[in-house]
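Here chain A shows up in two complexes: once beside chain B, once beside chain C.
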Partner chain A sequence: MQRVDLFPTHEYGGYKLRAGRPYPFGATVVGNAVNFSIYSRYATDCTLVLFHNHDKTPFLEIPFFKEFRLGNVFSMMVFDLDYENIEYGYRMDGPFAPRQGHRFDKTKILMDPYAKLIAGRDVWGKEPDWINNYQYRSRVVFDDFDWENDLPLETPVNDLVIYEMHVRNFTCGDKAGVKHPGTFAGIAEKIPYLKELGVNCIELMPIHEFDEFENSRPAPDGHTLYNAWGYSNVGFFAPKAAYASTGKYSMQVDELKNLIKKLHAEGIEVILDVVFNHTAEGNENGPYISYRGIDNKTYYMLTQDGYYFNFSGCGNTLNCNNPNVRDMIVDSLRYWVTDYHVDGFRFDLAAILGRDQNGYPMANPPLLESLAHDPILGKTKLIAEAWDAGGLYQVGSFPSWGRWAEWNGKFRDAVRRFVKGDEHVLDDVKERITGSADLYASANRGIKASVNFVTAHDGFTMMDLVSYDGKHNEANGEGNRDGDDNNNSWNCGWEGESTDIGTNFLRHKQIKNFISILMTSQGIPMVLSGDEIGNTQFGNNNAYCQDNEISWLDWKNLEKNADIFNYFQKIIKFRRQHKALRYEYHLGHSDWRNLGMPDFSWHGVKAWQPWNTYNNLTQAFMLNGRYADSDGKPDDFIYVAMNMHWEMHGFELPQLPDGLKWHVFANTAMAAPQDIVEPGYEILIDNQWEVLVEARSIMILVGK
Partner chain B sequence: MSTKVYKTGERLDSSNAATEQPKILAILDGGDNVVIDLSGCNYVSSAGLRVLLYSYKVAAPKGLKVSLAGVSSEIRDVMEMTGFDKFFEFYATAEEACKE
Partner chain C sequence: MENTFEVKQDGTVLNIVLNGQLATANAPALMEELNKYKNQGVTKVSFDATNLTYIASSGIRVVIFAKQKLGGNPEIEFINCNQEITGVFEMTGIKEYINFIKK
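== the complex of A and B ==
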């Protein structure tokens, strides 16, 4: 059967047209036509502008006839377009009245906010033609990727081990050993490495189209500083072309989908770091890319006199709780799940998503509620960075409807302080290790709401956390004023790289202490890419602008710091083998099933006496594996002795039920390879009553 | 069932996808395997890749094979990165493909 509603009714400039379908927004192939649809509440007229690929001047501009407008939507079908070889944009007419919030300018050619393919920055670092008056160019996408039987994996959130990575930094560095460095294809080549490490989820720093040349400038030493991290969206529906080796052929969509399909085949999920809090258009002095010229008053939070609110710290704030913008965000997220099979999202500066149109925090933000209950996102991981640059800090109080997890910044701070030897943080660190019940026990959130981490892209890498007392951001060109001063770091006695064997041993041990606590804590652990090979940024704790050796993983470190990689690999495996480390809801700290011992218990240097500590720096905990049975088979007992004190101490061991013995899995005080064993091959200890834990060391025992 | 060779031109893209596709499908309709000879082709676009994959999708349920011959290393590389390679067997020449 042929459809009867696909006959042209109009003609313009040699192209046949008819009134389009308002929904879906964007450019959609329908039969032998492309349906263009865009909304603007305040525009008076709209023109579709068509270019041959890369041309500076359009070959045709088609006005939307009056009968092509329904409500506030302009839609039109254009027949027989060679859509693989065209780029399109819009001109919008309407008032230019900034004090009323309107900035229409029909001299500007605007990108489609729903563009699923964006050209103009196809090859990373290739200087754009700044004279071109259409920089970010919408294209029509081929969206018929063959997924075969792939779907999002729906791994239980409490089983995840997340690996946060940047597309370029992961494989641009020395000895990365890939054919296509810095691209989606490069990550695909590294899948065997990720499998070997044992993570089952990668979290990609922003991969929506952005402009690495936004605010690019020369550094003090002459090299170019870029917007390398990409926390500044050009579009919300298109992948970053220059992150694809095939971007120059406009095949970035297929390349990214292929990466996700391959990761899924190996059991690895994909979470996208999404930036819905602002756009790359900046403040009133910024460029016209799309939103500003299409419907400024709809897309942005504006002050009463038409200036941009700046809760993002980046010049503007997306008007997330405007109903139309809210719909766009939902459409975007649904698109990434349905078309890209993405498993989850981490929302940058998510507190902004809960502000009303005047910037005030809402009790029940409709956007967040919509996302929590959205049917397509029903099994999608939703993770909030629960603060913003406007001072709203919602760790533990982010509106969740039982669905939202959070980056637990308090875990990071407490664990950093504890491991460096801060005597005032024990109570706090105990909350963090047990899944932050103080933050997440209410509202049916549970342990699964807590994404635990020690390091993330913001701040020091783990190696730098133990190598620098202060940040060293001179290369960023701001006189070392940028970046956080509150790092809770300790350089282990020498600032920066050291050749001293003792210093380096202590640093490696501290790294192993961090990862030991992270992997034995309740909550979802997140590892920063490169920490497993002791990656350094040379003390730079804000490397957003560094597309060079400062940020790129130096894969020579895999050999140099083989002991760190080995430790990470084994402790990740240990976590994934022990259900007792991966509870979904908070523990009772009692023997509520009468299994002989509590599900979880704290201990000091004396068993069952957690108060018995040295300087609040000696503490142990035990998980009763009988509470973590699966298929009727109980897990092992796990005992973790943490001595962050600067002297060695004996830890009296809690006695196991008859028939079970304590075995050593890890001891960070030991030199590799005696520091950790293959999970399942733990070594029986002679003295079942006490272990000696060296200064600043952790021992992990298994009772079996 | 025999194998027939279909040789493309210098490009396989939206400019000729609509005309090339039916010719390949006609061979499959005749119950023959197809070797698509790309030895003279130096560019395959997104639309072109879909011509190849669509041919495979039509062939597979019929128990027929679509093989690719003479694919340049650059095109092969693009196919690998975008996942289109996994549906095909590749041969250096059409003759070699026919022997298989």
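== the complex of A and C ==
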């Protein structure tokens, strides 16, 4: 039976129309019509502009009839559109009064903020036609996909091993061995590699549509610098077309969904890095893409004089706690979960999401509370980068309602300093290894709130962390002034690449020390893509603009640094096999179940005496596996001896209950393949009373 | 080239000749045509793609419909499919169940 509200009532320019449905916003296929709906609080008139694909001039502009506006929403159904072959935009009329916050300009054609497909940057690096006055072009998607039985995986958050990656950097490099480098399809080809490594979650750096040509410019050596990382959204609902090998056919939606479905089939979750703190429209001098022309005063945080607040460091700040912008953010996140089956989100500069419309931090930000309690996002991972460029630093204090996890920048800083031999950081390191109870023990947050990492896209790769004392960002064209100066790095005696065997051995050992601490610490470990093969960015700690060999993973390193890959693979497997390493809530550091030993204990070079010795650079810890039983079967005891001192030291071992013996799982001082064994095949040690731990080395023992 | 299709039944096999593009302009009509053969014991759907130049999302949906909704899990065959279209099938995840034939 036909619906009675799907018949045209009006006609314009040869197309049949009727008043649309205000909800949902965006363009939605309804029967043989497309429902266009857009919100603007202050616009006086709105016109739908229709193009044939790629055309510079529209084939039709349809004004919204007066009766097509309800409240502040313009909505209209247009019948019999060949929706796969059209692009659409809007002209908005209203006051141009910047001091009052309004910047309407009906000469501009504006992208739909709810566009689920955006054309205009379909092939990466293809110079756009700058003369075209409509650059980022909304398109219509018919949202169906054959998911079969797929759903978000809902892996317990404490079981995750996250792998942070960039779509292009992952497979554009030499020897990547994929047919479709730099694309979603390329990642799909690498799923067997991810499985072999053992990670069970990938975190994709921004994949919302952005413009790689934003602020594009020549580098000092002549190559082109791009907005390669994409932390500058054009739209919040559309995947980046140029990240799909099928982007030129406008099939990026299908390609990304197919990737997620394939990853899920292999037990790998997908977290999206989302950037809701600002848009690509920049400040007062930036272009009209969408939001500025549709409803500037609603979408942006403005000063009393109508200028843009810049808490993002990128020219503008999205007005996240305006109720309508808040709705858009929630709609976007729900869309990615329902239509793409995304498992979680990492929110870039998330502290901004907790600022009020005047920029002041709120105690209970409504947006964050909404997300924490949203029914559709109820099992979705929510991870905050809990700081912003305006100086708000909320690591440990991000409003969470027991739902939000955080990138734990304090873990990164403390572990880096400890491993390089800083004698003032031991107490801090001990907090981080045990799940940062000082930050997360309250408000029902627990260990699962701490995303631990040593390296991330911002900053040095792990190989560069042990190869450079200072950043080398000259290729970015800013005189090496950009990027963080506080890296806590150590070059192991030589700045940059080295052919010295001893230097390189030490560097590999330091990398293994880092990953050993990361994988045996309580919290959710995150690995930067490429660290497992010793990837270098040649000392560049801010490679946001480098779409070339500086950023692309060089897969030749998989062979060259095979020992690093082997170590990563085995220690990730070790973590996933031992529940004692993956607690959800903080441990008591006591024997509260009367099992003979505490759940967790610190030790020094003498067992049970965790006194600070040797410049505060020797420390060990033991996990009592009997506290980590699953299905009635206790886990093993795990003992980790860390000697970051520059001399070898003996560590007296705590004695195990009768029948159990210490076995060696890993010793970073040993050359491969003696540095680590297959989990479950640990080697019984002769001396059950003491182990000698070489300088700047870590030993991991298993009591079983 | 005109965006047309032609469907002929040969026993339990459906032979479909595609011309030009398979997109919104013709895909819904082809799906409606296929719908007539739902649960009719079709064992194979053979698409002659010799003159097919482009397939859009809506065209992909037709292939999925043929595989999953006709009933009986019929074999799907594409004859003389060009490389670009084959690539699209691969990257959108449906290549696994298509037999590609060169004639």
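Just so we're on the same page, the second predicted complex is superposed on the first by the 703 of 704 C-alpha atoms of A that agree within 3 Å, B and C clash if a C-alpha of one lies under 4 Å from a C-alpha of the other, contacts with A are read in each partner's own complex, and residues count from 1 in each chain.
Throughout what follows, a residue touches a chain if its C-beta (ideal position, glycine included) is under 8 Å from a C-beta of that chain, and two chains touch if they have at least 3 such contacts.
All values reported here derive from a predicted model rather than from experimental measurement.
In the model built by aligning both structures on chain A, chain B clashes with chain C.
In the superposition on chain A, contact is made by A:146 with both chain B and chain C. After overlaying the two complexes on the shared chain, residue contacts for A:246 are found with chain B and with chain C alike. By the touch criterion defined above, A:255 reaches both chain B and chain C.
Looking at the shared chain after the overlay, A:495 reaches neither chain B nor chain C. In the superposed pair of complexes, A:85 makes contact with chain B and with chain C alike. Contacts of A:196 after superposition: neither chain B nor chain C is touched.
Touch criterion not met for A:484: it reaches neither chain B nor chain C. The residues of chain A shared by its contacts with chain B and with chain C are 82-85, 142, 144, 146, 180, 183-185, 188, 244-246, 249-251, 254-255, 257-258, 261-262. Of all residues in chain A, only 82-85, 141-142, 144, 146, 180, 183-185, 188, 244-246, 249-251, 253-255, 257-258, 261-262 touch chain C in the complex they form. Chain B makes touch with chain A in their complex at residues 13-15, 45-47, 49-50, 53, 57, 77-78, 80-84, 87.
Residues 23-25, 54, 56-58, 60-61, 64, 68, 87-88, 90-94 of chain C are the ones touching chain A in the complex. On the chain A side of its complex with chain B, the touching residues are 82-85, 142, 144-146, 179-180, 183-185, 188, 244-246, 249-251, 254-255, 257-258, 261-262.
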